[in-house]
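Both complexes below contain subunit A, partnered by subunit B and then by subunit C.
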Partner chain A sequence: MRMTQGTFSFLPDLTDEQIGRQIQYCLDNGWAVNLEYTDDPHPRNTYWEMWGQPMFDIADAAGIMMELQSCRKAYGDRYIRLSAFDSTHGWESVKLSFIVNRPKEEPGFRLRRQEGNGRNMRYTTEPYADARPEGERYAV
Partner chain B sequence: MDTGSQTVTGKERYKSGVMEYKKMGYWEPDYQPKETDVIACFRITPQDGVDPIEAAAAVAGESSTATWTVVWTDRLTAAEKYRAKAYRVDKVPNTTDQYFAYIAYDLDLFEPGSIANLTASIIGNVFGFKPLKGLRLEDMRLPTAYVKTFQGPATGIVVERERLDKFGRPLLGATVKPKLGLSGRNYGRVVYEALKGGLDFTKDDENINSQPFMDWRERFLYCMEAVNKAQAATGEIKGTYLNVTAATMEDMYERAEFAAELGSNIVMIDLVIGWTAMQSMAKWARKKNMILHLHRAGHSTYTRQKTHGVSFRVIAKWARLAGVDHIHAGTVVGKLEGDPATTRGYYDICRNEFTEQRLENGIFFDQPWASLNKMMPVASGGIHAGQMHQLIDLLAEDVVLQFGGGTIGHPMGIAAGATANRVALECMILARNEGRDIVREGPDILNEAAKTCSPLKAALDTWKDVTFNYTSTDSPDYAVTATAA
Partner chain C sequence: MSYLDQLGKGATPEKAAGQPQPAAAFPTNQDENPVADEVASAPPTTVDLRREYEDAGVREVLEELDRELVGLKPVKKRIRETAALLLVERARRRLGLAHETPTLHMSFTGNPGTGKTTVALKMANLLHRLGYIRKGHLVSVTRDDLVGQYIGHTAPKTKDILKKAMGGVLFIDEAYYLYRPENERDYGQEAIEILLQVMENQRDDLVVILAGYADRMDRFFESNPGFRSRIAHHIDFPDYSNDELHKIAVGMLERQNYHLTEDATAMLSRYIEHRRGQPHFANARSIRNALDRARLRQANRLFEAETGPLDAAALSEIAAEDIAASRVFLQKPGRNAEYVHPESERGDVAAFGNGEEETRP
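Here is the complex of A and B:
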């Protein structure tokens, strides 16, 4: 399966050139670009690991692309997402967020059901990959 | 017409009998509205032979302290403060018998945080007043001091996006069709297919409550099965607006509590439940971390005709104060009423930090929002993937685009319909961010994306020529920026 979090997950994987243009769009808007990685793609896993701090002071897309390459070198077996923060009053949150690296195989998620009274159901979503410890979940 | 002040003062003012409203202190052309005043702009159409100034004063009187005759008990109060004051009357451009009347109301006339109280005055008895052929509330300026007495949207656009983990693009939804007749089991099928295929939300229609063909509990249980299953199939947060509209508040709370218990992230209400019920549900939604969707069912009965009723821009302002998170606000290009400039005005009211006066969009006043949450506008009704470039250009990215027929009516099935919409959306956002001129290049961008997405190709082929080009009944009266005091 293809996990579809992030803004461009329904398109073919973006090329580095396309990623660079999206980064430029973020920089032109004055947003701080941030890289995060994880091997726990649960949809409620909010806090992916940060690849350093948001790049408040990098002014060109090429610099950020270099960081992305380093991140891929270290964590190419995991999900990496690029997000952009807008610090403007009234927003002060993420403005754009998309996946820039995926594991080769994405086994997907198991839906567990716990039957309750009156057909009431408790649902739990579990990534198949998280049966293994962090760092050993996806083939390199 | 004589436009100067004609207010009678002293003993003469309180002589028993009938006195013209403009003489009773409801027409004060020299009045400077205070920063804390509520201001209303009405379109008045006086009966033949009725002086527009007197008509404006009558509206001010009947929507505040006046009755048809002089009463001495006014003298027991600070009557000058409580009288609403018409202070300006302008002829409506390109009409012969219509006037814009600006009326200022002292803040003490209104109970804090109550839309019911505000509306009981402003659109109360006055709308049936005989000397007027028609009366329309065009816009209101709600002062910061008053705005701050309201909760505002339970969740707001930013937090909604954080909860859903979806940024930088419009959200996608669809209303389940047919809107009436599906059993709970069949209904959930549509929800599952649409969400799995790529939509973020599905939605109950306004008149799906609890009918013989489907009890509300059946719908909720099957819908939540579908939501959770689609979430696992995609790894993405999904939701379905469960309509909790019902006969009584007790019933609505019962349904909403059940939705919360089942883990739904959003519930829905219809405008017809009334302002008090909406405010109650907004408080409930805030307490329960629930997104609150409002379907504007019924609004066209009073918003659509220009000479009588209430403009939708006022309804949108009240809804933002009342505290809903989503509001249907028009599509421009779809099947329902809405000219581009007027619709832009509604969207500004929903999403701005501060809405500037823009007469060409029908916005008569600067409106501060005082950090009240933002409301997500929803575009629904006769839109399809082939219009994606126009929709993003007109409505921007903080909007829910709802493709009901455009998803469920897809020739390859519901999931394919959803995929077509999602791919169309993402390729257009990608292109917009790259700086491409999406209005001009939109069809090319879609065709290019359709080369690797057969559902999008099928959608474009099926609906390529569908448009709804009718003249709007409700369009702005001012073509260019003018200055209103």
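Here is the complex of A and C:
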């Protein structure tokens, strides 16, 4: 099951050229671009690991693409997310965020049902991937 | 393989013909080139070089170079030649005759104060106009910005700078300091390796200009053959003649709304002659420092004279005595006994802090 999250989530994955253009748009607006990765795809897992620091003072998308390539090299089997932070006064928030890398196989989520008192039912979802310890979830 | 190589393969032929690849990779609204769009609609069969020259704004840059920089004849000639080469290369690319990005990395050699940084700025502008780099900004660094202080510190530092320079020009001043043969565990070598790798693999994204004194750069290239083979353009900056320095001085003063009296003009010529013979002579930079001190003395003179209200002319006039007070005149050229730094001043004037010769702008 294909995990979707952030902007463009209902489009097919962006190509590198498209990612580059999105990055250039962010940079032209003066936003700081940041890369994060994780292997826990649960939707409530908000805080991913940071790949280096957010990148300020960069003029051209090629610089960020270079960083993205090295992140893919190290964590190509995990989810990588790109986010752009607008630091203008009054905004100070993430303006754009989308997934730029995903594992080859995404097993999806299991729905668990728990029977409560009476006919009460509690539902919870958990990724099949997180049965294994961190770092081994999407073995290549 | 860089991601841009992969892009190139997917690009449509019209697009590839319309704009040079680097510009086509991530075009932005601010940078859109109307000329390129017009041409993109139909693949061209002929190219009007003269028109390209005008449209790309190359002429403006070259004229600006001529106007703003005094002297430097051979440098200007080399830049003109380089511009012509790049223009023709661009035209060839439009007609599908060339596909590779030419190597644009350069080395600027010359004594201090001969305008290397200024020319690098113009070069960045020129390359941007011609579409060889996407942004046209100049990132000026020295060894300290690239090389770390402990293990594992150098690579992120160098990569950080490279990221910032992407799409523009990376200007490495006094590049030979990167390589220190006397210390084999020096981290400079690590920075050099990263630089070489990026210079080779991301030629579309970044132009590197190395600068420094001619003899030391030669030694640097000898011990780092990788650099020599990756640099296509070597430009040598000659020293300025006395007349040229004089012209530069007058230009600098004019820009700050100062002017010289007739006596002061003659005194300045004498000053330049004297200064050249003395140690730590840094061409235009020495002159700038000298002028800064002359302004200091002028201010002091006006303040101490207290002759009542002053008009604009009095405030912007540099007199002969402002220059004549310089210590340069006390020293005979070449005399090393009881050496005093020619640009150091006596008395309370020094307390204001005079421009140290080695200070970089």
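Please note the rule applied: the second predicted complex is superposed on the first by the 135 of 140 C-alpha atoms of A that agree within 3 Å, B and C clash if a C-alpha of one lies under 4 Å from a C-alpha of the other, contacts with A are read in each partner's own complex, and residues count from 1 in each chain.
The rule is simple: contacts are C-beta pairs under 8 Å (C-beta built on N, C-alpha and C of every residue); 3 or more make two chains touch, one makes a residue touch a chain.
Keep in mind the model is a prediction, meaning the values are calculated, not measured.
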{"item": "Superposed partners subunit B and subunit C on subunit A - clash or fit", "value": "fit"}
{"item": "Which of subunit B and subunit C A:C71 touches, first, second, both or neither", "value": "neither"}
{"item": "Partner chain(s) touched by A:L96 [first = subunit B, second = subunit C, both, neither]", "value": "first"}
{"item": "Which of subunit B and subunit C A:R110 touches, first, second, both or neither", "value": "first"}
{"item": "Vertex subunit A angle, Cα centres of subunit C and subunit B, expressed to the nearest 10 degrees", "value": "100"}
{"item": "Partner chain in contact with A:N120 - subunit B first, subunit C second, else both or neither", "value": "first"}
{"item": "First (subunit B), second (subunit C), both or neither touched by A:P43", "value": "first"}
{"item": "Per-residue touch tally on subunit A - higher for subunit B or for subunit C", "value": "B"}
{"item": "First (subunit B), second (subunit C), both or neither touched by A:L82", "value": "neither"}
{"item": "Which superposed partner A:M1 touches (first subunit B, second subunit C, both, neither)", "value": "first"}
{"item": "Which superposed partner A:E17 touches (first subunit B, second subunit C, both, neither)", "value": "second"}
{"item": "Shortest span in Å between Cα atoms of subunit B and of subunit C, once chain A is used as the common reference", "value": "6"}
{"item": "Interface residues of subunit A shared between complexes with subunit B and subunit C", "value": "21, 25"}
{"item": "Subunit A - residues contacting subunit B, complex", "value": "1, 3-5, 7-12, 14, 18, 21-22, 25, 41-44, 46, 83-84, 89-98, 108-111, 119-123, 125, 127"}
{"item": "Interfacial residue positions of subunit B with respect to subunit A in the complex", "value": "158, 161-162, 165-169, 198, 221, 224-225, 228-229, 231-237, 261-263, 353, 371, 374, 419, 422-423, 426-427, 429-430, 433-435, 449, 452"}
{"item": "Contact set on subunit A toward subunit C in their complex", "value": "15-17, 20-21, 23-25, 28, 52, 55, 57-67, 69"}
{"item": "Subunit A partner contacts - residues on subunit C that touch it in the complex", "value": "3-4, 6-7, 10, 25-26, 28-30, 134-135, 137, 156, 159, 162-168, 202, 204-206"}
